[in-house]
Structures are given as C-alpha cells and as structure tokens.
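Read through the structures below before going on.
You will see two complexes here that share chain A, one where it goes with chain B and one where it goes with chain C.
Here is the complex of A and B:
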C-alpha cells in the first residue's frame, strides 16, 4: 500500500507542483505560477499534437472495433479448429508495440520492404512508394499496424460479450423467421451495449496514450505531423529538459484520461 | 401455375427436400467461414512469419533490394551476428530485459499476494478507502507521471539501474495484481481456512502452505502479465535508462534501427525482433487460458 502511495500519489502531486515551475534538469528550479499553462495556449506544436492525437483516435477506433466485431462473430461458435483461429488473431496482442513497430517500419521500407515488393509485383504501383513521407499515407499505415497489433484484444472482449448471450434468444428469433441483420440489430447489439462501450473506451484510451508507433515508425514526421501528445511530453521533458512545461502538458493529458475513465465508469455502472 | 411454387417449396430444384437443401446451405456457409478465417489467419501471421523467414536468410540476402520472397538458403548467420552487435552484443540486452522482467515478476507476485490477501481477509480501518485508492490508480496512465518518477529515481540514485526500472514496472503492475489476487482470495471458502487455524496454523504459514495453492491460477495470471508487460515496455525503459549497455531489448533494437551503429542491418534487426517476440509467444501459447481470463476479469470489473 505504501508502494502505491509512494509511486502514484506523490508523483501525481509532484506533477502538479512541477507544472507551476520552471524546472530544468540542471540548475535552479523556480516558481513561475501558471506561466507554463499560459505558454500552452501559445504553443502551436502542442495544439497540433492535441489535434493530431484526437484525429488519430477518431480514425483508428472504428476499424479496430469493426474488424474486432467481425472476428468475434466469426470465431463465436465452437466449430472445429476454432481455438487455433482465436489464438492466431490474438497473437499480435502479446507482442510489444515497440517491437511490432520495428517490424512494420521494415516491412514499409521503400527499398527492402515487402509491401512495395508485393505491390510492384502485382503491378498496382509503378515505382516504390515512400509510405512514411506523406502525412496521410503515414497515418494510414500506422493505423494498419495498430489494427493488426490490437484488434485481437477487442475481439476477445466482444467474444466474451457475445458468448454471454443465451442461445435460446436466437433460437426463438429463428422460429419467428428473423434474418441475420434483424437478430444483430434487435438481440446482439442491445444486449452487448456494455461490452461494446467497454471495448470502445479502452481502445480510445489506448489511442490517446499512443507513443511507440510514432516514435519508431515515423519519428514524428513528416514535418512533425505525427507527434502525439505523449510524444510532445516526451520531447519537452526528456529532449529539451523542460520538465515543468512537460508536467503542465501531463496535467492536461491526465484531465483528458480521467474524463474518459469517468465516462467508462458511468457507462459500465448503468444497468440496461 | 398456382401449384408450381408450392411444389417448389416442398422439393426444391433438382428434387431435393427442403431439409437437404438447408443442410447443403449450412455446409456451404461453413466452408465459406473456414475460407475467410484461413485467409485472415494468413494475413495475421504474415508479419511474424515474414520476419522469421528474413532472419533466416543469409545476411547479404536480407539486405537485397528489392527483397526476395523466400530465403535461397536457410542459415543462422543473422543470429550469430547478434552476439557482436552494438557495443555490448544483443545477448547482453536480452539479459537486461530478462533481469528486469524476472525482478518485476517476483516483486509483483510478492506484493500483490500479500496486498490481495490483506484486502480479502483482514479488516482494518480505512480498508475500503484504501482499496478504492488502489483501484483508482488504474485510471492514472503512467505516461502522465513519468516526469516525477524520473525525478524521484534520480533523487534515489536509481535511475539508469535495472532494479530501478523493475521498481517502476512493479508499481505499474500492482493495482491490477492486488485487485486480481483479492478476488482470488475472496473465492476461497473461509471454512477451509478456519479448519486450518483450528489445527494451529498461523496466518502467514496458512497463506504460505495452503492458500497459495488454492489461488495458483491468480498467481500465474499476475506473473504472466508482469512478464509480458515488462518485457515489452518501451517508453519508460527509453526514458529511465541512459547508459547504452543497460538498454532493454526493445530500446536497443530501436537504436539499431535509427542507424547509430552504421547502416541499418535489417537481417540482424529482424533476428532481434524474433528474439524479442519469442518469449512472449511461448508464455502466451502455454498459458493462454490464464492470460485471457485475466484480460476479461480485469477489463470487465475495474
């Protein structure tokens, strides 16, 4: 318990404390009041990062959820070999995001990468593409890599939700002559509201905290267009050593996360 | 005219009964399902398989532009190269990662078990408030407290040391671990314990001799999570370690990629990636059930 206090409560208070200081790595720390926060409003890169993080979250969540739902529906029933398929879809989840990013950056490379090779051989492109050189393609390939890495997690959550729906409901719907989409709309989705909310919120939280993929795959580029909010905290605190300013951004991030978690708590508590 | 549709419904085309037709339809659907599943499975396995294949190519072939699909010859040169890679050899970084992971597993197990047992079995003032506090720390992402953690580790002179990093990881694991162990202990009927207490067992020896065996699934789950999370963690390892010889495997591999050791040696890098993936896959494949149960239990209940 002491541990938790020491490593969570104190740091939390310290983050707040430091956010009111000019706190370089070496040299005097000094109280500068809310200057760090007023600086925030003027920091174009900070606003850009915030905007980028939200855009990324909005773009990455739907594919993860939709593919997760399709996968969960496919592996729902215990037909033969289904365990193998479930395992395969889940495998990338246990690989570290850092390591998986290294894998992807290599597959995306314009010279030694497999993607260009396949696309060239299929005559879909004429010369090797620099996927990471343009903001939009960089975003798309990162989304692809993250979907691959995390969709298994969503699948398992949704699968647990799907399997908790009693089969009798579907059987009686069959008797009534309901088709697949009617069953989806009137049985599956309403009964899974909580699971769906949980899966979405966890995926949103994960995306807001994204760092590894941008640090490794795009290194924040092209032209600083893929610097997420955690990346900007990292740069300020551990590259420029402006730890007070980094703390101020951390407080903003914390605010966003606590809001999201509260929504999660509220939604999950509600009984339907 | 009016009779034909009726007869069609009864026997279908080709003289099949409705039941036979339905069975064929179901068979066809199942076949399509397996086909889709197989295609998806191949797509999902592709990056890992591709990386594995490449790591088995000859070093010169790994660097071929454009790349070859299959290795012309299977060799382990890329792996033997790893020994002398960087200042310290990849083996050294694997060791760093393993040391940190083992310390994290050990520390999280001891503290989660004791903490979980305490919350499940003892009453003390402020217990609920404390438990809620532990749980609410699950809401705080570690990304937002990295800066003070860094300052604290520097103050205690633990930055740039493997135990220091393990300490940070243990902290990240604890809220989940305590929560899970508490639930495991609560699931054990009190009667069993009371019988043992009557026989003259003290609480600690009771915990040690009996309870640990009963809550083994919980212990395994905490251990798997501690291992996989600390083995894979990137951001904290990147920040807290500045001495290159002490880098954990993922951070070291990133350094390789950034070309600090000359041109990027993609073959060796993929061999390193495989080394980094391998333990997680083994642990997961062997203990899948515990991992999934922990995921569902942890996610749904917190």
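Here is the complex of A and C:
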C-alpha cells in the first residue's frame, strides 16, 4: 500500500494538481482552472498525435500478437534444444528500448546500414534507400523494430497460457478426429482467454505509451508525422516548459488507457 | 611568559588557525560548468584555467539538442550549475525566469565593457540588466571547395555574391559527376537552418518576424517565399544530395568534409574541423548572400552566465573575467582560429591573411540574432514550425501550404 501511495497515488495527485496550473518548468506557477483542458481541443498537434498513436497501436498490435502466438506454438513442447530457441526469441526483450532504437538507427542508415547493404547485394534496390524520409516507410520500419523488440515478451505470456492447457483435452479431441484449426478454435483459444486478454492489454498499453522509438529513430519526423501522444507530452513539458499543459494531456491519456483496457477486459472476460 | 604575552600568542595562533581553513577552502572551490557539445574549445579553456591553480571548474558536456531541456529540469530540481555556457538565443528566457545572476555591476566595471560583441551582449541583457557575456562566437557563412570550383570551370577566387550566382555555381559543380553536388543543407535540422538559411532572407531585406519580434511575417513578406523557392529549385534540380533530407544535424559538418559538396553553410566551428580532419581540401569562404547582393549572418554561439543559485559567485566571475582578458583572447581564442569576444581584437596577428577566419569574424558585422523568449519553440525545436515549413516547402514542393502553416504556427506560439 505504501508502495502504491508513493509511486502512484501521490504522483497522480500531483499531476492532476499541476494540470490546473500554468506551471512552467522554471519560474512561478499560477492557477488557471480548466484552461489547459479546453486548450486541448484547439491543439492541432495534440489531435494529430492522438490519431497517429491510435493508428500505430492498431497496426502494431496484430503482428505482435499473431507472431507471438506462432512462436509460442513452435516452442511449446519441451523437446531437445528448445531452450535455445526460446532464448533467441526472447533476447531482444532484455535490451533496453533506447538501445535497440539506436541499433535500428544504425541498421537503417543510408551509408553504413545493414538493410541497405543486404537489399543492394540482393539487387532488390538500385541505390541506398532513405527509410526514414517518408511517413509510410518511417512508420513501417518503426513497426518492424517494435515487433522484433517485443514479440518475445508476448510469446512468453502466451507460452505460459498454452502450457497450462492439459494435454488430455487435445488427446480427446484427436480421438474425436478434430483437426488443428478445430482444436485451436474450440480448445486453445477459449482456454487461453485470460492470457490473451493480458497479452493484448499489455501490448495496447505499451503501444499507446510509445515514445523512445519515435524520439530516437524518427525524432517525430518526417514532417512531424510520427509524434506519438507521449512524445507530445514530453515536448510540452520539457521542450516548451509547459508542465501544466503536459500534465493535462497525461491525465486525458490516463482516462483513455483506463477506458481502452476496460473495454478489452470486458470483451475478453471469462464467460461461464 | 606573562599572561598578556600568552593571550597575545594564543590570539596570533587562533588567527593562523582560522586563516588556514579559509585559504584551504579557497583552494578547494570546485565549480560546475555546463556547456553544449560544440567542439573542443571549452575543454581547452577549462584545462588552461584549472592548470593555473586556485578554484577549479568541473565541465559537463551536454548534447546540443538536450541542453535546454536538461538545464530547465536541473533548475527545477535546484541542481543548476555554477556557470553555464548557453546558446545565446536562450539567454533571455533563462534571465526572465530569474535563473541567472545579475552581473551588471561587474560587467560595467570592465574597462573594455563597450568592446564586447554587441549582438551577444544584447542577448545577455534582460530588462536593462546584464546577465551574460559573450563566450563562444559563431557567425554563419558559406564554406566552399575551391578544388570543385576549379573542376567545374569556375573561378575559385570569385565566390558567388547573389542567389543567381550561387545557383549557377551549384549547377556547374553538380554537373561534374553523379557523386558531386553543388550545395548542402541539413534538411531535418531545425537549428542548422536557422543558422544558415535565415540569413538568405535577411540579406535580401526580408524577415520571418516583425522588427519588434511581436508577430510573424512569413506569409506577408515576399522574400520568405522567394527564399523557399530558391532552395526548392536547388533541391528539385538535384543540386543537393538526397540524404540531406534526413540529416538531423549529425552530418551538418561532416557532409562537406567528404569533398563531394561544393558549398555549405557553416560557422567558425567548422574551420578547425575541416582543416584538421580534411587537410586535403582547398577551402574558401564567403558571406551568405542576398537575392541581388548584400550579405547577412546569424550571430550565434554561446554567452556565459553565472547561475543565480551558485555558492561561488566571485570565483565564477573571476573565471569570466579571465576568459575575456586580452591574453586569453589572444592565446586561447585567436591563436586557435577562434573568433574573439572583443570587437577590437577580431582582426589580430593570428587572423591576418587567413580568409576563413577573417570571413568568420567579419560575418559578425552583418550578424543578426532574433530576440525572442520563445525562440526554441519557433526555430530550434525539431518538431517546431520552422523545420516543418522548410521541409514541406523545399522537400515536398508545397510552398503555399508551408507558408500558411508557418504563419499559423508561429502566430499560435507567439500569442502564448
């Protein structure tokens, strides 16, 4: 309880308090009521960032989940050397997101990047590509980097769910002549409902709160097309020194996340 | 020994004992200083200062893009440095927030107070009080590769003086081969383009802000449009390498060093870099030209200030005074190809006959620096309106859209 109070309740109360103030990073603060919240509706970049963050979340969640499920299925059984594969798939998760983003900056580089080298060697391109120059390709490479970075975590979550299903159920289904997809549809997915809910909720929360990869790989570009909502909170709070306004966006974002998670939880709840 | 002598002896001893810690304390003073990472100059200065003995300075070098953020956060946390070398355009904002020590009396007492560079001194002044003095002096200009000028059939001793001449030179150099380009700019670097692109507008009599810096003139000043069309033309014709579009400033200096670029904007910081790292390049320099002639420069660099929370204001001022002294300016600035902070020393025994150093110094004569408390939000922010406008106009070709966007976002930010 003490932990929750110190690291959640007090910071949350402080953020809420700050959101009703004109609170510059340096200098005097003053009470302005709900002005920060009413300003949000007029903030073009805030709306753009919200839209971008939701699009990003919609695009990145399915590949993380589907690939995570496929990998979990592949490494489910305890056969020889399977630990090596589990480790390889999980390895990117233990790298910090900042470090992995820097790694991708290097890999995507026009002059020394490995992607251009491979594509040139395979004669798939005629000259080095600027992956970060266009909004679409920038978004795609970010999604690729995040899937690579986080799929191992989803795999581990789903693996735990898969392994908790008793083998006898599959054996009975085999006796009844059920194929792979029938078993998937009528045994695996229903019994993994809780695990799937957890994996999806965590994945969606992570995507809505995405920051590092945009700050490091694209710096919000090109043409400010990859500024996520957390990036916009950071910019307002620390670049423009408007801590009060940044706090107001944070509070709104918290509300959005609670709503999203509740919907997901409701849809994926156990039904008896 | 009589009691009086004993008392006298004890008093004398007490004086010595009391004095010892004071002197030791003076020796032990270590001040913190923050600087953005713009070369080795500051480290050399600090090394020379520390080698003198007495108070010491511990230098913290911060990536340029993060300086304002970190400084703001440190101030908010009550951990600001004793001395800070601040990008001059941020000085008014820090002074307005009450985070810099008022050094008016100390500065006014200097015999050479009027000799300090005026543009930098002005930005170190807030509401008539002085908070900072010039420290690192940068005036933007264009550096050019004389070898490529020659290879393109141009006279390497006659650099362009108008936009048309620059365009023609860029075309001729780009025609040498597919790997050679006439011009370079960092297309994803906000600050670089304030430093090297704004002067094209100023030199032609235009501006993006009104004279009193109270409103944006992007959509109303025809020169702004013409300047965007000028760069757009160079981009469209392929006179600028494609990679420039994603250069966030990390290749701002190094691109020209490859020897495949004819001309590029730079500052005094580029001189030593190019000379040391690329001695094979035959370099020339010229002022950033206006459309039909004239010249302008961005008076940039850093001013140096003392944090209002310092425990060592006298020692900090002692360092500032030493830095501005004639000897330091001559031996640690001029002798190392750096622009001095004193007007009367801009031309000196070391700069005589050195075209690059003289161009860098004389650029300050046509130097200009916008005075705005929201400079960062307008010009330097990588997600700010200045860079977005440049990218939409020059890289995408939507000049009308860019001008409108720039005008709207500038106005929104300036209206608070």
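Observations, loosely collected:
FYI, the second predicted complex is superposed on the first by the 253 of 272 C-alpha atoms of A that agree within 3 Å, B and C clash if a C-alpha of one lies under 4 Å from a C-alpha of the other, contacts with A are read in each partner's own complex, and residues count from 1 in each chain.
We adopt the following convention: a contact is a pair of C-beta atoms (placed from the backbone, for glycine too) under 8 Å apart; a residue touches a chain by one contact, two chains touch by 3 or more.
On a predicted model such as this, the values are computed, not experimentally measured, just so you know.
Between chain B and chain C, B touches the greater number of residues of chain A. In the overlay built on the shared chain, the residue A:132 is in contact with chain C alone; chain B does not reach it. Contacts of A:165 after superposition on the shared chain: neither chain B nor chain C is touched. Contact with both chain B and chain C is seen for A:238 once the two complexes are overlaid on the shared chain. In the superposed model, A:224 lies in contact with chain C only, and not with chain B. In the superposed model, A:98 lies in contact with chain B only, and not with chain C. Of the residues of chain A, those at positions 111, 238 touch chain B in one of the two structures and chain C in the other.
Across the complex, chain C is touched by residues 24-27, 45, 110-111, 130, 132-133, 219-224, 227, 231, 235, 238-241 of chain A. Chain A contributes residues 1, 3-5, 7-12, 14-15, 18, 71, 74-75, 79, 81, 84-85, 87-92, 94-100, 102-107, 109, 111-114, 116-117, 120, 128, 148, 153, 156-157, 160, 195, 198, 202, 205, 209, 211-212, 215-216, 230, 233-234, 237-238, 243, 246-247, 250-251, 253-254, 257-258, 261 to its touches with chain B in the complex.
Partner chain A is touched in their complex by these residues of chain B: 30, 33-34, 36-37, 40-41, 44-45, 47-48, 50-51, 62-67, 69, 111, 115, 130, 133-134, 137, 139-141, 143-152, 168, 170-171, 174-175, 228, 231-235, 238-239, 250-251, 253-254, 257, 266, 269-270, 273, 276-277, 280-281, 283-285, 288, 291-292, 295-296, 299-300. Residues of chain C that touch chain A in their complex: 68-69, 72-73, 75-76, 94, 96-99, 188, 242-243, 245-246, 248, 376-377, 381-383, 388, 391-392, 395-396.
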